[in-house]
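Listed after this line are the structures, all set down as structure tokens.
One chain, subunit A, appears in both complexes that follow, with subunit B as partner in the first and subunit C in the second.
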Partner chain A sequence: MRRTSLLLLALILSSTLLTACWDRVEVNDLAYVLATGFDKEEDGTYRVSVQVPLPSSLGGAGSSGGGGGTGEDGPYFVDSGSGRNIRESNDDLQARMSRKLYFAHRRVVIVGEKMAKEGMGEILNTILIQPQSRLSSFIIMSKGEALEVLNLKNRLEQLPGEAIREMAKTSLEMRAHEVLQDIKRPGKEGVIPVIEKSDKQVKGESGQEIKMQSFAILLGDKVNFITNEKESPAVLWLHNRMRGKSITFPYSEEGEITLRIIQDKVTKDFRMVNGKPAFTVKIKATSTLMENEPYISLDDPKIYKKVIKKMEEEITNQVEELLNHAHAEGSDIAGFGWYLYRNHNPTWDEKWKDDWSAHLKDLEVKVEIEGEIQRMTNTGMKVKE
Partner chain B sequence: MKLRRNKQSEKKSNLHTDKTESQVHSSLDENIDILKELFEDCSDVIYRTFKVGSHQACIIFIDGLIDANSIQFHVLDALEEASRESLSIEIVKDKIVSIGSVKETEKLDAIVKDILSGNTGLLIDGLNEALIVDAKGGSRRSVAEPETETVIRGPREGFTESLRVNTALVRHKIRSNRLKMIAKTVGEETQTNIAILYVDGLARPELVKEVMARIEKIEIDAVLESGYIEELIEDNSWSLFPQIQNTERPDTLAANLLEGRVGVIVDGTPFALILPTTFWQFLQASEDYYHRFHISVFLRVIRVIFIFLALELPAIYIAVTTYHQEMLPTNLLFSVASSREAIPFPAFIEALIMEVAFEALREAGIRLPKVIGQAVSILGALVIGQAAVEAGIVSAPMVIIVSLTGIASFTIPRFNMAISIRLLRFPIMILAGVFGLYGIVLGSTFILTHLCKLRSFGVPYFSPLGPLNLRELRDVFIRAPWWALDKRPSQTVKDDVRRQKENVRPTKKQRSGLEGGNA
Partner chain C sequence: MAEPVNWQSGKNGGEILTEKISSFQLSILVANFLFTGVIISLPQVLAESSNQVSWLSPLVVLGVISGFLWLVVGKTKQLQRLSKTFLLGKPTKLERVFLVCFGILFITAAIRDLRALIDFVATVLLPTTPIDVMSILAGFIVIYMAAAGLEVIARVTVIQFITLAAVIIALPFMLMNGMELGNFQPIMDVDLLPGLAKSSFLLLSWAGEAIFILILIQNLDDVAGAKKATVRGIVVAMCLFALVVAVEVAVLGVDIVSVSSYPSLQMIQQINLTDFLDRLDLVIVTIWIPCFIAKIALDVYLVNRCLTSGKKQPNNIIIIPLGIALAHLSVLLFRNNTEHIEFSFYTWAVWGLALELLIGIIFIIRRKIS
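Presenting the complex of A and B:
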């Protein structure tokens, strides 16, 4: 017994030679990358930019923090490196960093416009392969160069990377693994949010800030087109993300009505018409009346029906415009092809698999909205003075 | 430790080696001479000679150990008033001396032993028997609240240093003839009286036999405290975990006796031993059973969480900040990073410094006089902690971790288990600093395996979680209400398991019976 325990002890002690005591990395020897931007230059080289927070001016009580947060830059800095591929760009960047780049906390990936139009496949591949990277990072496209967007300051958050992330969470969050899934799925295309620079809206202040409003529709791994103002809400409708957002539509000459959506549900119905697939997209939207400029009273069922009709019209317009545009460009963002792949696989394989984009152009899609206003916040009575 | 009898000690006459003179002589003077030689230079042994009728008599006692009044009235006065009839020991014992506990003996060494225990020896010239009168007195500490085990609700009696007082306190709790107390003496020089307590019919007979066998095997010169016995009879002395519980409270001892355990009370110390024990007993406090079960459940859950924290928290912090930075939430990581900017030491060294300083502070705090103790400890913690952070020697998160760990180790009700956990913290910290999270898992697995393997007098140490017994768990992580604790724990009691009648709670009919009728 004693011999066995001595033997065991010897084995364990010798396994210390395998250990990590010299793999020890201090918290202050790492540069935590919060957001990265990928750009492509004219000559085809990649440019990788990183946004790294400066720990000494963040958080931290008591000790020597404090300085560096005044005036210009927040507690972060942006640097970039270029190379023939992404890894080479990283190496170029590391050569100018006193701390080791650490990507495990990178939560936002910004793809520049030029790069996005040429294909994001390589970027997503990098994220997938590297164990340090998180597959839950948000993928966002930027209008213009990613490097410029990374430099924009945000007044609410200390770090712009956080700001971008929070904005994405409220609109449409597409994580890396979701984008990868959508790219690989037959019959469904991915959507990613777009950020752009916009001028500050305060008089007397110049400068630019981040704005996230539109979406980029992909075809494969390339960005196909960017939605305009009217189409952007439709993206949210199709992805069940309209909850908490509002739509405004004109009721009459007297004014507009604003409704806030509290529930939305999307279902697809499928019929075969003359050997061709035909879909009906049904959206059920429940809402609350928020602003009632024409002062109509919704107690009257006739007026209620009219309002609902106008609401349904508005949503239908939005969704139809998006679907028409997308299908014209060949992107199936609602996932009709995916539906066929799952439920009618043999037919899919036979007839539609190879040129689904071409089929999309004359795919018959009907949009049906079922609207409902559940609550009102004002009864529409004129305030008499 | 074996007794080594070297040549030197044989020069002094020791009662135990001297087998020649052990018979009481008829001549009083001879007896006294022998006694005086044995008690040479013992200035507290008093020889009081007097006359009983026509005979010389002598009482021998040790000053300070006897109740003088008792001896005065019941022995001296009684004897002096005795008529001058012929005396024999029987007459003296039966008719004259009117004290409760009286023994007659022919052996001189018995007299010497009893004198040393506080009894009084009565020798009468012409009789070759002597009388031993039990009139113990002297001043001992009175029954007070035990200082190491204070409760909010519950009795405030604690054991004292006198064996008889302690056994009386236990008798108060268990008034049954099934409570047996076996008297033994251990320790050559100290001749300490101990009592082994158990409830006949509840404690397993093999257990009682084993305990007695182990105690009888002890051959040591002194037993000053129950800790001596504890270390001499426990199963695995090398293990860091105690296998025998000690308590200063009679109600704890009584409750454990009624669950089939065996108790050992040692004269001269207020700490009684309870065996066998399991790991989970050290996380139980006696007042868990006196409060309503809601708070007991809450406190027990807290204790389990905090015992884990006390063991692993500094190690987890070291491992995560040194090797696994990706596991921290991003914002927390930035706080930690920013506070560690100016710190010259790596996380592991910093943790070690703080923990060692904390242990030293705690040890020093024990010896501080109570008056300045409070102020110094608060100031010390604040000043040292704050100043160290400001000077940039340790980081603020580290101070938080260390204080949390300290607090966590105080939630453990029993001191001996708290010590074990505190000691084990350091190897786990070292493992974490060297191997990262893998090291913590390794260390914890070792500890867990050891705990499961350990046995305390045959009972597996980690039951009812070790060998899983779901029924018993209702008293481990939670405390089932008293109406649900109707059976005794099965690790220690084999027969006679039922402790309570079923369905004792007031029924609905009974409750509603009281409702009507009141105005």
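Presenting the complex of A and C:
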């Protein structure tokens, strides 16, 4: 009898473990957010836009899926909501969705230009606090509104969010935790890639597509300025991200030379000059010849040295232009202050901590480039015209 | 002094002492006990106190606690003699005081750990499941394991902890592409010493939980090796913890670690070897959770040993109500996870340390008397 009672009790207790889990959610009850855009409206409210793939439209030709509509515009849809803060904007958006928004797969966060210039601290804080969000999401700024950029199509990828992620990976991979660290670091400012709308370059086709070329230089959590065409490569040089990219420079009136960078390394040397800090930025760049428009013979040591000199001048101009602009605006993009904080901390605390931006304007920075062309497959052939 | 009792042939309560564990198992039990609890949230307060040198505090604590336990356990011959009489038969007054202090320490530790597990699962894995349901489920798992006995706990711990240790050792290689060594600088700064002292103090009571070995002396195959085994366990635990904190600072930076409730989880979310090996955080959590459950089971087992020491009835008679009570208390005693974190970081630093010191002193006196 006792044994039977115990067995019954065990069975009853076991049944409590068989109940459906509170947190059980079917896959088709979730709206997987791939990319989020944050904008600030004129009245100060936030607008959060999400890009959600439509699973039924993602298959190849002839496939049929269950559930969800096939969007006329493609295999994804973009929607937005507004509110007094980001969470309220998400709730506004959720009220119009049949599926629960799920942010754990969000890999791209796009901050609209207006919002970025007013400060991104709140967005980064939201990513840090929300358990679903990941600090490995890429942070990108858009020229104009983030909502407009999320709606742009990309020809090679089904989902624009995926295209933006791949472009961010080949550019400057700035993830949320890196941006947060740079904002908090004394003597260093963050940099984030900028995406913008670009007209299609194909004759007969109208429309716009995504372009990622420039960078936004931050001051604290606000965007200070956006780099121009000459300054943008310098950002990659200073962050050791030029590998795989090309540099084109004029050799003579006969044409330009293009080199692909296969290795790059940046070091900073510090010295004190008349009681003030001074730095030498040394960049070592190894490259491969990609285009030789003037058909010069690089076998000749004199010509080779001249090409290297031109390459070094080009890189020096790019880096100096960026540093001069950034320092004039008070942004320590190369992290000279961070270097002093780490290596000369007592002096940093005593002399430079409180007004480093002011010291930055007068900071002496010398740029030295050591260039090398490691490979030349074919030097090219002059075709008689 | 209590007469040595031949419990081997005894009825009912005699089965406690037929459970034997080896020195290796003791080392792993100690390492698991110390390591699995501290990696949840403690790096946050350590980074807050000592910034970029927070990874040094486990190494400081390692020396202090190893020395303390070496002193408490005493000479090998004395320990071997004591193992034949300590807590055997009817406890003396001194032994009763020892048991009371020991019981209070590990009841509080069990409640704290159960709530830590529940809060972690509720925040990260199952946000809508009520914590009462989670406490019941956690309670059942822990009761089942604790009731199975010390040998079972030891075997499970050995299997799980070795896997966890291998994963922790592999972490620097998996996160190499995200580490920035500049986050450790400035390193040699005298101004950082007060912060380091503070974070070491906060960690002391957690590492001092290794004092649990005192109640398991009779269960050791090799009593003479108990001291070395304990110190080995402490070394392994603190070195692994130092590695975890160092990697967290290198990858996330001090500012993010000091504001994250679960900085270790944030860190392992950054593992990105290729697009294929991107989301290993759930895998690593799956390896860690059994280790933590084994730790809580050992907590409950130790409390049960305290309450049934010297009694002749079956030692598992109260383990079910004990486990259920502890599971309930873990939910009732803390209003929210903030209260629990405050208790874990600040109250435990003093409360735990005071009890551990008291237990150590009582054991030394008992050792001298024998």
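One rule holds in what follows: the second predicted complex is superposed on the first by the 347 of 385 C-alpha atoms of A that agree within 3 Å, B and C clash if a C-alpha of one lies under 4 Å from a C-alpha of the other, contacts with A are read in each partner's own complex, and residues count from 1 in each chain.
Rule of thumb we're sticking to: a residue touches a chain if its C-beta (ideal position, glycine included) is under 8 Å from a C-beta of that chain, and two chains touch if they have at least 3 such contacts.
For clarity, every value in this text was computed on a predicted model and none was experimentally measured.
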- prompt: Should A:53 be classified as contacting the first partner (subunit B), the second (subunit C), both, or neither?
  reply: first
- request: Using the touch definition from the top, say if A:28 reaches subunit B (first), subunit C (second), both or neither.
  value: first
Field: Touching partner for A:102 - first (subunit B), second (subunit C), both, neither
entry: first
Query: In the superposed arrangement, does A:240 touch subunit B (first), subunit C (second), both or neither?
result: neither
- prompt: Which partner does A:180 contact after superposing on A: first (subunit B), second (subunit C), both, neither?
  reply: second
Message: A:267 in the overlay: touching subunit B, subunit C, both, or neither? Say first, second, both or neither.
response: neither
Task: Look at A:343 in the shared chain and tell me whether it touches subunit B only, subunit C only, both, or neither; answer first, second, both or neither.
output: second
Query: In the superposed arrangement, does A:136 touch subunit B (first), subunit C (second), both or neither?
result: second
Query: Which chain, subunit B or subunit C, is in touch with more residues of subunit A?
result: B
- request: Report, in rising order, the residues of subunit A that make contact with subunit B in one complex and with subunit C in the other.
  value: 16, 21, 23
Query: Along subunit A, where are the residues that touch subunit C in the complex?
result: 13, 16-17, 21-23, 128, 131, 134-136, 177, 180-181, 184-185, 338, 341-343, 345-346
Residue ranges of subunit B touching subunit A (in the complex, touch as defined): 321-323, 325-326, 330-331, 333-343, 346-348, 389-390, 392, 395-396, 433-436
- request: Can you check the complex and tell me which residues of subunit C touch subunit A?
  value: 123-130, 133, 136-137, 140, 180, 182-183, 185-186, 189, 251-253, 255-256, 259-260, 266, 269-270, 272
- request: Would you pull the subunit A residues touching subunit B in the complex into a rising list?
  value: 16, 19-21, 23-28, 30, 32, 34, 53, 55-65, 102, 104-105, 107, 132
